[in-house]
Structure formats: structure tokens, C-alpha cells
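Think of it as A, B, C and D in the order they're written, each chain with its own count starting at 1.
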Amino acid sequence: MATSASPALDLVVASRTLAEHGVIDAYGHASIRSEKNPERFLMPKNVAPELVTEGDILEFGLDSEAIDARGEALYNERFIHGEIYKARPDVMAIVHNHSHAVVPFSCTGCELRPIFHMSAFIGLGVPTWDIRDAREGTDMLVRSAELGAHLAKTLDRFPAVLMRGHGSTVVAENLPRAVGRAIYLDLNARMQYQAMMLAGPGGDVNYMDAAEVAANVSWQNYERAWRLWQQKAMARLAAEKS
Amino acid sequence: MATSASPALDLVVASRTLAEHGVIDAYGHASIRSEKNPERFLMPKNVAPELVTEGDILEFGLDSEAIDARGEALYNERFIHGEIYKARPDVMAIVHNHSHAVVPFSCTGCELRPIFHMSAFIGLGVPTWDIRDAREGTDMLVRSAELGAHLAKTLDRFPAVLMRGHGSTVVAENLPRAVGRAIYLDLNARMQYQAMMLAGPGGDVNYMDAAEVAANVSWQNYERAWRLWQQKAMARLAAEKS
Amino acid sequence: MATSASPALDLVVASRTLAEHGVIDAYGHASIRSEKNPERFLMPKNVAPELVTEGDILEFGLDSEAIDARGEALYNERFIHGEIYKARPDVMAIVHNHSHAVVPFSCTGCELRPIFHMSAFIGLGVPTWDIRDAREGTDMLVRSAELGAHLAKTLDRFPAVLMRGHGSTVVAENLPRAVGRAIYLDLNARMQYQAMMLAGPGGDVNYMDAAEVAANVSWQNYERAWRLWQQKAMARLAAEKS
Amino acid sequence: MATSASPALDLVVASRTLAEHGVIDAYGHASIRSEKNPERFLMPKNVAPELVTEGDILEFGLDSEAIDARGEALYNERFIHGEIYKARPDVMAIVHNHSHAVVPFSCTGCELRPIFHMSAFIGLGVPTWDIRDAREGTDMLVRSAELGAHLAKTLDRFPAVLMRGHGSTVVAENLPRAVGRAIYLDLNARMQYQAMMLAGPGGDVNYMDAAEVAANVSWQNYERAWRLWQQKAMARLAAEKS
């Protein structure tokens, strides 16, 4: 794994990288499970990801409440994180996002499939969650532990879950993997859309097969990309301070 | 609501934010109704939005004429603003724009529908106005109070109106909401286009339902985004001055 | 018309503006007819448009040869300009470009039509030229006066001509108008593509009618945009010098 | 040919140019055959292309191993380069990339054809390689000389080879030509996609013919573009050092 100065700084890098790639705009958030205490996770206070600095990172319990909120507002959808960390001991990092190319797949019954080798994890399965199956007439936000638990149940053992008319939530065993998966989920959606259009109705698209997916997912942590993202985010932080 | 230094500075933030998102280029404009006098509104003089500074903001009457033009040229289409403020006492801010993904919907009879939760307001209804219904053979611009009033009539009680072959005009109870709606109208159009292509002719797209729209629109002021837009616009202004 | 420091500086603004909008990349070029001598025109030496400075501007005769080349290489396709200035006394500025959304229209027999009011000039007619009709087996470049004259004949009295598998050449009575037309030709192509996809085979798209085109084209010089483009280009030039 | 300070610096320019054009992101790599020793080639160590500096350039043998790795990690897919240099004495430069518009063509049986004159080389033929034809169940990466040789066999005498679900590898007689071909392969894919959509199923697209391809490919080294890319890359390098 790529080196890291601290989990909080890693979250700053992740937040700014996701914003730079257009995977999140003012909305969406990344979190990381505490290495010291698996019943805790780190996430920014309620602030746009491209503005996040180390001082904005708070510690949360698995009830998705801040251990010490310092009077700061919290993300409404923090329950996505707590409930997934509860249900999935293997998950160490989570990215919730609204990346644009993914939403049309969440609304059409078209299944995302792995068309691009950097997006192999999609071959592990990406279910779609419709908040209406949990509750009718919501504002579409995962504003409670109950809704978060329902989402986590649809996520099940998979690496990502689409959220109908909303976006997706992506999970992984480490933060660079979660960030890379969120970025390449969006790119896969763009490429798959174009391939489906080229192939036409009933046409064949040649996706990765299960053995290829397995061979790729076993090691893919987007390490070279993470080192690039670190360097660029740190340069931006330094420029802001000067 | 997010804090504001002054209505004029808010308009500078709005103008530059809309330009940065490609919702307006050299054309399009934002306005805000005066908090002191509901018969007045603020809008820049005739200048490209990404160049607007506080000194460019003029006060207008509901006849869409400047109270004191200071010898400056005015936007040809200022009548959009005056006539809507006249017809809609609830409207406190207006954005007229040419965002690119929206125009194809204005020319094809395809109805914009709320596919993305950040764009829930579309579910309140977005009619399309064809200037030809008001007058034949125009240059497509809303150059008079008469044309502005005709547009305002089609806008009716809705949050936005598409203008055939031209763009749209978006309204709201406050400026951050109007700016956010203009940005997410464009994003919804992009996502809906792709969903319609994926679904194919006669295919089903799963839109937000009326209860979801109502639950979301009641509170959605794009506040976290507005704070981001403020910070970025103020940083650009400071850089220009230095 | 917007003010101008000098025709050479206007060409610098035009070149950099077209590059910034992606209408030209390293290729493509803008020219302007001399106001002093209608048998002369100004165009940069062979250099990428986003690098052009005032010192790169040379004067050409209508034979498309430089009056004084100062030992500099010239654009291979300079004959586009000379031959059009010869054939069209009304033309004062020309932009040759490869804008990406336009090329598919040049290869498919789909006619560009005015879908967007900023692109009204398309309604005057935009023919397509296939270099094969002039000569078989070329490298697709307009490398001679003979090929330039053939292109000019297809351009005829129209404001632009598509070049099959290559791009387009846009003309106007002044430089801001030529630059604006090149930019909005590309945007119209993007919007028309999406509208045609939304409408589906045999579907109706609601284009501007002839009276609307005439009313718009009569005055449209993209003046507010030109002032923006000037200011941005001059700021970049100043930054390069410092 | 455009001037060059040194082969290593040319590789820095190539790497950063490809990244700036989105042809490569953190992944993909360019190499150049040694002018002094045709059994050697130059390529960066394992680093994201937009971070490459001269000090990162290593020398490799045709076995794709570094002559002196200086303890640095190497690209997993370096075998693409060694095996092609072995099989193709005419090749002096190689770009392996994941450009996004190309992948859908690699998965659908749609043949890339030369629609844009800057992309004429596509008319020489661009085969598609499926790694499954060499070995089942890989992680899709060309991690061995055996896989590299298999790819080189499909590349055959052609200027580029698509790699199913992965990207492409582009070759040329010099580095500017290889970089230009990688960039214009992607642009051709975008334009061809749109032309195919406009033409509809069974519709005609008017591609370059064989004589036009031959006349263009004979000289096309993207020289004006290379000078632009050099100037921009050198400016970025200077800014990073200051």
C-alpha cells in the first residue's frame, strides 16, 4: 500500500481527488474506519469535499454520530457510513457519490458490467437500491440508521451499490481502493454506455469474464494513481496556505 | 440560508459560479429582488457574467429599466426579469441561461423529468415556451415587456421555463436556490438524455415520484454548494485584484 | 463594434479564444482582411494558435503568399483564405477549424440546421465540400490556389462550408462575428446531435425558421462575448510576459 | 522533424502531453528506441506520466528489463514495449494508453475507420487484440514477454492495435508521430461514434479512402502540434521547479 502521513490527511487527499475527477461536486463524502478502533470511523464535518482540510475531520461511532462534534454541522447522510461499517467488518473505507454517468444506470434497469480492466471490481456485482423499497415519499436522502441499514442490506457482500436517482456508494478494504473504485465506476459507466449504443439493441458487448475479474480484483489498489493524487492534493494544499 | 456579505456581492458570486459551471457563457444573467423594496431588483449592467464585479450591479424597477443606468448599456433581455418579478411575488431570484444540455429538450417535445435527486424541483413542472406563440419572426430575444409578460405567463407557478431554441429561465425564493436549480437543471438534462438512450424507444426510466419531489423541494437550498461557490468566487476576485 | 487596439492584436485574441474553446487545437487559423488594402490579408505564420503573438502576424496577398515572409514557414492551407477573399468581397474575416462536433455532420449527409439562437447564421445555409470532387487522392489539405478556389465555389454566398472529414471554414463581415460563428457552429452541432437522438428516427426537431434567422443574423456580432474574449486573452498575454 | 533537447526530455514532453489530453491518466506509458543502440529503449520508471521528469527515465533491453533499475519499480506492462521493438525494426516510439473513447470499439466488433484527416493512419488498419486468445483468466495486463509477443503478432505491420477492454498501443517511426497518433486515435473514435449514431443502423458514413490515407500518412508527424506540446510541457516543468 502507498504510504500515508495520517488517516485524516488521507481523507483530505481522497476528498479533493474525488472532487477533481467530478465524481463528487459539493456533495458526496469519503470516510475511513479507524485503524485503532474498528467501532469508530473518520469523516469530515459538513463541508464541500474540495474544501476539506485536516482540521475538518471528525471521529464517529457506528451510530453515525460524532464522538465530539465541536459544534459543527454533520452530513445528513452519515448513516450510510455507520451502517455499512456495522454490517461489513471487511470494509475499511467508503465513498458516497453522485457521479453523473452512473445515475442513468440506476434508473433504467441496465446492469453495470465490467467493460474496462481498471473497473474489474464491477464484475463482483453491483446491485441497485431503490429507497422506495425502504420507505415511500422520502427526500431521497439516507437520513437515518434505519435507511442506512436497508441500503447496507442491498449492498450485501458487493463492492458497490447504485442508489436509484441519486448515485452510488462504493466500499473497499482500504481508502485508495475505495477512491479508485469510485472514479473507475464512473468511467466504466461512460464506456459501457457508448459500447451499448455502438452495439445497438440486441448487439453484443464483450465484457470481462469472471476469471479475469477475479485475477484483477485480487491486487488492484490503484497505487500508482494514489501516489499521483497525493502529490497533486498536497501541492494544492500548500498553495492554499501560501 | 448561507450568510451573505451583500446582495450585490451575492450576485457576483452567482454570476461567476454559473459561468464556471458552463451554465452561462458570455450570455445569460442572474438577478435578485431587493429585500428593501419588492418593486426593485438588482442585476449587472451589460457585461459577461464571469467579469461581473460589485461595481457593475445596477438597480431596476419592475419596468425592467435601470433606476440610474450611469450611462451603461443594459442587457437586451432584462424584461425577462421585470415581468417575472411582477407576476410572481414569491420569486426573489432569477437566472436566465443557455445551458447546452437543456436546449435539445426545448426543441423536441421531450419533457424534462426529475431523474436526479438534486434536481427534484423539475418534478414541480417545467413548461416550454415558444416565442413564436407570442410573435412571429423575432430574433429570439425577449426584448420587450410584452414578450417578457408572455414568457411569465407560460412560466406560471412553475420553478423554470424552457425557451425553445434558446435556453431556460429558472426562478426561486432565494438566490442560492435559483443558482443551484440552473446548474442541476442542466445536469438532469444530461442524465435524462443518457437514460432515455439506454432505455431505448418505449423503454422505462424510473423517475422521482411526486411525494419524493415534494419532500425534497421543501428544503433544498443548495447551501453546502453555495458556501463552496462563495469561497471559490471570492478567491478569484481576490486574485484579480492582486 | 467592439473596440480594437490593432488588427494584429485582434488576430491574437481570435487565435487564443478559438484554442481556449477547443474549436482549434494545434491546427486551424484565423485571418482578417486588411482595412487599408482589400487585396491584402493578415494571418499568423505557421504556429499553433494558442502561441500566437503580435510579432507572428504576416501580411499576405490574394495569391496567399506572404508579402514578406521574414524566412518563416507558412500554413499549408493559407490558400483557403486567399481564394475566399478573392471570391467574396463582403468577407472581412475567416476562421478555418477542425471543431470536433462538426466533423460527423460533414461525413453523414446530415444537414446542420439552426437549433440554437446564437447559431442563427446556420439558417443561411451551410453546404458541405468534399475535396474528392476537386481532386482524388489528396492528403485532404487545401494546399493550392486551385483547391482553395474550388472550396470557395462551394462556400458560394454562405456563411460557412463544412469540409468532409476535416472541419469547416467560417466567414463573416468582421472578426468577432467570424470567431463567434466558429464557436457557435460547434455548439449547434452538439445540440442538434442530441436533439436528433432524442427525437429518434423520423422524429421532429423544432428549428429556427427563416424569419427568425433573418432577424437574428442582421445584427449578431457576438459583441459582449468578444469583450470577454479580449479581456481574457490580454490577461494571458500579460501573464506570459511577466 | 521538430528539434529536441534530448530523448529523455522528449519522453517527459510526451508523457505530460498525453496526460494533459486525457489519453492517459495515472496509467499508460510512452517509450522511445535508443538512437545509439537499436537493442535498447528508454522509458520512465513506474510513475504516473504527468509526474515524469528526466531523472525518471531508465534504459531497457529488448527483454523489457532495465539495464540499471537503480532500485526503482518498473511498469508491469513494460513487455509491450520490448516485444514490439523486437518484432518491428521500423518502430522508434510506442505509446500504450487507455483513452476512453477507444475502449468501446475494442469490445463491440465495430472497426475504427479514418473519419478525420488528422487520424488518417487508422486507414492503414487497426486490429483488435483479445488477451483471452493468448491466455484465459489473466488480470488483463501484459505482464510477460510471452503476452507481449502475442500482442506484437496481432499488431503485425499496423500503426496501432486495440486491446479488448483495456485500451490501445500505438507505434510510429518517431515520438511526435506516436504521441499525435495516440491523441488523434481517441478523437477519431469520438467523431466516428457520433457519425455512426447520426447515420443510424445501416446508414452510410463517408470515410477517407485508401489514396487519401496514403497521401496523408506519408508525411504526417504532427510537427506544429509537437512544438506546442514542447512549449507547454517545458513551461509546466519550469513552474514546478520554481
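What we mean here is this: contacts are C-beta pairs under 8 Å (C-beta built on N, C-alpha and C of every residue); 3 or more make two chains touch, one makes a residue touch a chain.
Please read all numbers here as calculations on a predicted model, not as lab measurements.
Student: Shortest hop count from chain B to chain D along touching chains?
Tutor: 2
Student: If more than half of the interface residue numbers appear on both sides, call it same; otherwise different. Which is it for chain A and chain B?
Tutor: On the two sides of the chain B and chain A interface, the residue numbers are mostly different, under half being shared.
Student: How big is the rotation, 0 to 180°, that puts the C-alpha atoms of chain C on those of chain D, in steps of 5?
Tutor: 90
Student: Express in whole angstrom the distance between the two chain centres, defined as the mean CA positions of chain A and chain D.
Tutor: 31
Student: Indicate the whole-number Å distance between the mean C-alpha point of chain A and the mean C-alpha point of chain C.
Tutor: 44
Student: Give me the residue numbers in chain D that touch at least two other chains, ranges are fine.
Tutor: 197
Student: Mapping chain-to-chain touches, which pattern fits: line, ring, star, complete or other?
Tutor: If you draw each chain as a dot and join those that touch, you get a single closed ring.
Student: Taking the top-of-page definition of touch, could you list the pairs of chains it picks out?
Tutor: A-B, A-D, B-C, C-D
Student: Across the complex, what residues on chain D touch chain A?
Tutor: By the definition above, chain D touches chain A via 25-27, 46-48, 50-51, 98, 100-101, 103-110, 130, 132, 136-141, 164-166, 193, 196-197, 201.
Student: Using the touch rule from the top, collect the residues of chain D that touch chain C in their complex.
Tutor: 114-118, 120, 187, 190-192, 194-195, 197-200, 203-209, 211-212, 214-216, 218-220, 222, 224-225, 227-229, 231
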